[in-house]
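Structure provided below as structure tokens; questions to follow.
When the chains are written out, they are named A, B, C and D in that same order, and each has its own residue count from 1.
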Amino acid sequence: MKLRVRLFGDLRERAGWAERWLDGSSSPTPRQLWAALATDLGDPPTLPGRIRVAVNQQFAEPSTALSDGDEVAFLPPISGG
Amino acid sequence: MKLRVRLFGDLRERAGWAERWLDGSSSPTPRQLWAALATDLGDPPTLPGRIRVAVNQQFAEPSTALSDGDEVAFLPPISGG
Amino acid sequence: MTVISVTLHNEPFNPLALLAGWEASLPGLTGELPAALASFVGRVRGRSTCGAPLAALELEHYPGMTEAQIRRCAHQAGLSHQALALRVAHRVGRAAPGEALVLVAAAADRRGPAQRACSELLETLKHEAPFWKKEWRADGTAIWLQGNTSL
Amino acid sequence: MTVISVTLHNEPFNPLALLAGWEASLPGLTGELPAALASFVGRVRGRSTCGAPLAALELEHYPGMTEAQIRRCAHQAGLSHQALALRVAHRVGRAAPGEALVLVAAAADRRGPAQRACSELLETLKHEAPFWKKEWRADGTAIWLQGNTSL
């Protein structure tokens, strides 16, 4: 299962990348995908409450079941307007 | 005592005049002045609650003591904006 | 101290052009372009309060007192909400449907104060500034409105 | 049904010129010039959230999702308050102090719905539309803002 993963704001800067295709075979939900990414970021594996998840450009629960080709984004706190 | 009396909106139209200098010797307050005017308008002598009073271009109580040369206005309900 | 500007217009006026000109003048008055600008434009409706087609709306005012009352309302709204600057333009005379009746604008450092000052000023001037509206209908009849339209 | 228009701007935009052009287009979209128009313009402040002089504000967004979320917010605000038309313009990229960040405008038949729709849309897009702000200070340092400024 391939997932298109996107990071924004300070997450993007800390990771050093904005977008990657990752293998999601062992990460069937955004929460598990985060745990896999967090190691690279040097963060604890638990998804912080302040980070929101979007799947295919819509807000989604961290427990959403992912499908092949899904776009998964991790969104730090929004500050628009 | 001379008073400059001003009427607006439907009061002005019903009275047929917008501004007059009147003798206020027997009308030391706007309330008493109204009673004198009301006869001409065919209205009862009691100042209706919906009519507001201004003395020298500021809202005032109907019982305000008037002085020679004061400008007294009777204002029907406001509808601005 | 809130910078207050009030004008009455006996002819049609362009409210958004006035707003743009006023905003552009603010750096000279308040020291910078304020971060938040809230505004409201009201126009003459095409129908009377009872639903009949409207030919025109006639706005009577009390020259001198009307401007002074608008300034008092603006002063109070500015104090209550820490507005940097407030702008009111109001039509007087006979106005056709679609023409601008009123512009109220508030500049502040934050969105909340700007919106609240604009909204409060619009409400208070409706109740405290002497204007009277006469609706002229298409059939040539006319009535004086008694008080304000609902929110 | 509320007519919704949303644009993102990678370069400085003139919010009041956009507002005037949009209002002028409304008779063709909603059948007449609406009686009530409420609007809000937000600009980049000259100081950072901690009070230091600000060199620039960088706005990151999520192309596609950001526009879709603004439209969702507008749709909801339009339904809640019976707005005839809603307009949002938002800056993206690097913006200098004084430059426009956001325009929100609501047209309705009455002042209350116009003001409430404008205010609600401004609040919801601040919390539901994906934008991230990075403050660049005069000394060359930068920080990402965590969440919104207070009302």
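The criterion applied here is as follows: contacts are C-beta pairs under 8 Å (C-beta built on N, C-alpha and C of every residue); 3 or more make two chains touch, one makes a residue touch a chain.
Quick caveat: nothing in here was measured; it's all calculated off a predicted structure.
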Lowest number of touching-chain links that must be crossed from chain B to chain C: 1
Longest centre-to-centre distance from chain C, chain (CA-based): A
Computed distance of Cα centres, chain D from chain B, in Å: 49
Whole-Å gap between the CA centroids of chain C and chain D: 23
Between chain A and chain B, centroid-to-centroid distance (C-alpha), Å: 73
Contacts with two or more other chains, residues of chain B listed in rising order: 81
Chain D, residues touching no fewer than two other chains: 42, 111, 122, 149
Inter-chain touch pairs (all): A-D, B-C, C-D
Contact footprint of chain A on chain D as seen in their complex: 42, 59-60, 62, 64-65, 68, 90, 101-102, 104, 122, 125-134, 144-149
In the complex, chain A residues that touch chain D: 6, 8-10, 12-13, 50, 54, 57-59, 73, 75-81
For the chain D and chain C complex, residues of the former touching the latter: 16-17, 19-20, 23, 32-46, 98, 109-112, 114-115, 118-119, 122, 149-151
